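By letter and in written order, the chains are A, B and C; residue numbering begins at 1 in each of them.
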């Protein structure tokens, strides 16, 4: 009987009809049959689970690699956005008028025009006390200046970058007491700290009243 | 024999040589030995799988946390990009010329110059019917205007922001029927809806022909 | 005895006190009891692990979906950043002065002014040899030009886009040998390759010395 039972353990369980098989096994190990079925199912389930686990681990490893890659790219994108926003936020713009009440000059030496009435000064790069603009960041800047002057004296205005003449405007003495208007404009590539200002030539003059003689500039692009 | 078998179950399977062991067990439970080996292997496999599963769960939890963090950062980056693109897309630029055929003015009161010939009007912020520019978004704007005029009358042009004079250009009557040219420029910080226009002073004139008397502006930066 | 053992297999192991149960089972299968406990624990563990595995697989699938979505969004963000940076990097700016030493003109036909002294030429879109600016990218551009001229001749400068007059500045002959200043500015929407230059009218002149007669432009916005 024991041998029979062991044979049952040994042989495959497919050849014997279910009813007969059950009665026979139950006569010695009534539950061994179920146990073996259970064990077989468990073994099969473990095989399946191992495959699923292996598959899950592979997918997880792949997901981790992709995630790490995404995190690196995301960090890079965040840095680039920060840089774009930082450049966008670097607004440098100024406009100032000479102000005063009447002629500025003539002086017997070249003199920086101090545009005293600030209209706009975003970034605070222009000084209304010295008349000088100092580039807060390296970049391309635009400058333009306009003047009005009576005709009794010459006019000579030169935009200076550090000590270099960039663009100029001037006018001769006009007979019959007419008036002169003029101006100029330029785009300049500046290094941080470069100074730009308008110089009134010796023995020339401009008119300071009514926001008519002006100096303006702005940062076009950081480079 | 059963006891012997049970002993086989009980004792560790390392002491008996493989050949002898197999013959002995097969005499009672021919497959029990294999079964026990299988069960032992299954137990060990389960232990290993559990460790792998636990490890996988830990890694998955970590990946989920990182993924959630990445998603939050990505959303934030997307919003910042949208903001940058929105600002980039807000292009406000106009240029218009006075047009007409001859003198504009003199009028006996201050009069807004209506620059009728639009050269550019991206953003449609300038009205060729009223001569007024209305800021569509808050920001820093640049304005510049130029004029030509015969010398028989004075010229007075003032850039007005709402009701405030910002910059001006003017010229006296010139004897001998000469001609006058002039202009000015300014950067202005505007609120949405602020109105900017050029006012021709009472009893002064400009020349409207040939795109010579112009008014231009653009949005430098949203703030 | 075998039947007894099989009964042990069959019956639930909860009703018999631990000590008695152990002694009884050990009398036939000394380790079967432990084995069965182990098997039961293993079955239960497998059930739990299967639940955890299923749960892990669900979470992994979800994470993979979210990761794929994040990767798509990240790629999209990266492309948008590239576009923003590309536009930011497209800096087109030039300023040039007529140069020379004295009058340019009068000529008996309309002549392009060749501003020979380059002050700035980022993007190399302006040619100091032809005086022509060619738009390297489609966009909104700003141009401004200023001149100085003696009064002995008329002045007529017109900014030309391809063959179309855009804005102009001119001045009459001035008696008493005075001097003339003037300029203009305009924003223009250009297609790639559009050419912009300043034309000196036939029988008119400007002064080329001292960086006083200038031509400048820049790309405001790509569109």
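Here is the rule we use: a residue touches a chain if its C-beta (ideal position, glycine included) is under 8 Å from a C-beta of that chain, and two chains touch if they have at least 3 such contacts.
All of these numbers come straight from a predicted model, not from anything done at the bench.
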{"item": "C-alpha-based rotation, chain A on chain C, 0 to 180 degrees, nearest 5", "value": "120"}
{"item": "Self-contact between copies chain A and chain B, residue sets same or different by half", "value": "different"}
{"item": "Separation of chain A from chain B, taking each centre as the mean of its C-alpha atoms, in whole Å", "value": "10"}
{"item": "Two or more partner chains touched - positions in chain C", "value": "2, 39, 42, 46, 49, 53, 56, 60, 63, 67, 70, 74, 77, 81, 84, 144, 176, 178, 181-183, 185"}
{"item": "Footprint of chain C on chain A - complex, ascending", "value": "1-2, 28-32, 35, 38-39, 42, 45-46, 49, 52-53, 56, 59-60, 63, 66-67, 70, 73-74, 77, 80-81, 84, 87, 140, 142, 144, 165-172, 174-176, 178, 180-189, 220-221, 223"}
{"item": "Contacting residues of chain A [partner chain B, same complex]", "value": "2-3, 6-7, 9-10, 39, 42-43, 46, 49-50, 53, 56-57, 60, 63-64, 67, 70-71, 74, 77-78, 81, 84-85, 88, 91, 93-95, 97, 119-120, 122, 144, 146, 148, 176-179, 181-183, 185, 210-212, 214, 216, 218"}
